[in-house]
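You will see two complexes here that share chain A, one where it goes with chain B and one where it goes with chain C.
And now, the complex of A and B:
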């Protein structure tokens, strides 16, 4: 059974107030006020001095269980929202692996599920380890990227991306956070090839995410009453208020504390919220929790995972 | 897991998506932002292909409507000319079965081999592996570009009565070029154990790094991503027996081999 043995998150200390992003992102005063008052965003994290490789390295450096265990790591997978992030043939992922003493690991990126690619990476890591059948083997899953272009900085009318990274050690029999179910639904009909679909996407967003969350909970043979906590994607606060109304789930059990202080950190949100949940003592041994992610943009991917802590 | 059907295509004609001025501007802005931190100048010429268009044509070639697919993996090394698109999600909508879809990259020529491994671990009824490469970069790069825009589609399935069995996979990371001959020979011996008649297909880079390799077919030069997979379709069709394909990525140091039992 796939398990998260350790999770490390790097969030830069440097934060930019929403108002300072108005000009570079081409936002009007009204749009800024909407993001602040309606969507609950306040500051966005950036790290102008660190490259993508630096971000990933900073996340990995926070995993105590990695040093001295490098030879157990068989796979390194980067779950990435943006498909192309450096000029070819640069390869920051392999660069980081060499720095970390992980050159022996099979290393690759999975992408094109936008911000849902991080959960996919966790699932694939577990499948590869399970296929090998070695209970001592580990995989390292990275998430995180640079907000380097407009598409990677702004979800119009919805959220603003920040920078950060997470690293997660995955095993097949770890005792900590065990994966009970993974559900994923893709809707490629929102691709630009099929014409403008923003309004339809906005209408279907919450029902589609609710459906995939329900599926994950059902596949874990649980009900929402059994879910102690939801670790959301930090797209904005109002989306989660409305979604909770839709699924009849108490919004105070959704970890939303990072929305105002992080921005939407690509595939990192789930892990940043995991850290916050542990720091605030929101998860007890045996609790079930749900992680949700949506990859939006050209097409949509809705994903949810249920874990037992 | 069996290889049910293979399809392949080259794409000599200009891509349609760059005809649209808004799309061109969007793509140009993306590449300008991508290259700026590296002091690499983005060129003004935009040509090349989108993997969405290439894969769409390949899917139509190998996946009939009555053979729905559960899993689709798009494997590439060099990126395409529509860099911000969630192409795999788009392809999920086009492919019969609306499969779980994702792209696998940043692994050079090892990516299709890893994709096969992931397909095997998923145990789907049917899965589609798309290996693609296009031959244009809109900025200065030390990369050697592929000669042609090419794509290969491999439809895999768990029905043992159909197609050629994928009998084995071997992947070795961090292999220095001088170590390739011994490691490749060992992998070939293990993958072909019990078989007298083995046909070997080697990618250009592996053939160069393994001068003492047994008699083999050398994949087309200048197609680092699709070369061996392009050749595989021909070799499987020739006669029954075990076919072993292999490739080596000199930059990322991956040595990969796969054995397929043709019928």
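And now, the complex of A and C:
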């Protein structure tokens, strides 16, 4: 069993209106209007004064259960979308581990599934803990990154990325949010930044994500009627409206409130939406919920996890 | 899905068809006429992102707001089917 013992999210207070990003991102007027009208974007979060290590540290600082428990943390995994984020030999993950008293932990980063790497990191954390032998062992999963370049900030016609970070304490038997199923579908045919396959990727995006969501729900021995809430990746509003038609699920049970105020925060969306769900009282004890993510770039990855709260 | 013909505002639908035809020709750089029976994806090459641009321009040219939440792109293959949907699922700005 894999369980989320605590989730903490740091989202910068600094937000840039969509229109102010037109010039730096090279967006045309119609692209801006499309993003606002159909994709539901309004403001994007950035933190120009914080490094990646600062973002991760800010997220970890919100986990009360970490202090005094550092020696129990055996693994620290950073799930992120971009393989290269700082010049060698700097290592923001090692830096933040030293700051947090976690230098003893086995520490690594996964990027192979782009924006779905956050869910992969949770799965890996659970597997490592399961094989650890110490039932009290913990893992800390980080997500979050900086959006430095135009390519990192913009998914043309689809979404705009912002900055933020999340930290998640994982155990094997915690009582709060227990993982029931994880489904993942990797499609290497979309490698090399989509290449000639971009149109096919667009056509297959929703059916592929719907299929992996159905698989996760079935593996949890549930139906969509049993899923109280979906915590989406914040790619955009219209994608989720159409996806909900495809799976016959009410869109008002998909937590989309962060799309207009965050933008797409790489692997952080799932955790930011988890926080929002708790803050708004949308999850009750015993509720089942589904987390979905898509990684696009070096191949396509569709992922879904089902938890019981 | 589209509504029965009896509920369609015929004049609005005609304005939508005309707007769609003009916008599609520009989006896909087509000189030949665009007809209602044409398949938007297979015959005209309208991708989902171009489809959103089409909807936005039709909204602005005709002064309506389309109920995109009700839109099921997979069930609206042709220009005529989308025009009927827009005429039955929109309201003035």
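Keep this in mind: the second predicted complex is superposed on the first by the 305 of 309 C-alpha atoms of A that agree within 3 Å, B and C clash if a C-alpha of one lies under 4 Å from a C-alpha of the other, contacts with A are read in each partner's own complex, and residues count from 1 in each chain.
Everything that follows uses one rule, which is that contacts are C-beta pairs under 8 Å (C-beta built on N, C-alpha and C of every residue); 3 or more make two chains touch, one makes a residue touch a chain.
Since we're looking at a predicted model, the values are computed, not measured.
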item	value
Side-by-side fit of chain B and chain C on chain A, or clash	fit
Contacts of A:158 with chain B and chain C, given as first, second, both or neither	second
Three-chain overlay, vertex chain A: chain B-chain C angle, C-alpha, nearest 10 degrees	120
Chain B versus chain C as contact partner of A:114, first or second or both or neither	first
Which of chain B and chain C A:33 touches, first, second, both or neither	second
Touched partner set for A:13, first chain B, second chain C, both or neither	neither
Which superposed partner A:88 touches (first chain B, second chain C, both, neither)	first
Which partner, chain B or chain C, touches more chain A residues	B
Minimum Cα separation, chain C to chain B, after superposition on A (Å)	23
Residue ranges of chain B in contact with chain A within the complex	23, 29-30, 33-35, 37-38, 40, 52, 74, 77-79, 83-94, 98, 100-107, 110-111, 114, 117-118, 120-122, 137, 139, 141-143, 171, 173-174, 251-254
In the complex, chain A residues that touch chain C	30, 33-34, 37-38, 157-158, 199, 202-203, 238, 241-242, 245-246, 251
Chain A - residues contacting chain B, complex	51, 78, 82-91, 93-94, 103-114, 117, 120, 124, 127-128, 130-131, 148-152, 184, 186-189, 191-194, 295, 297-301
Interface residues, chain C side, partner chain A - complex	41, 47-49, 52-53, 55-57, 59, 68-69, 71-74
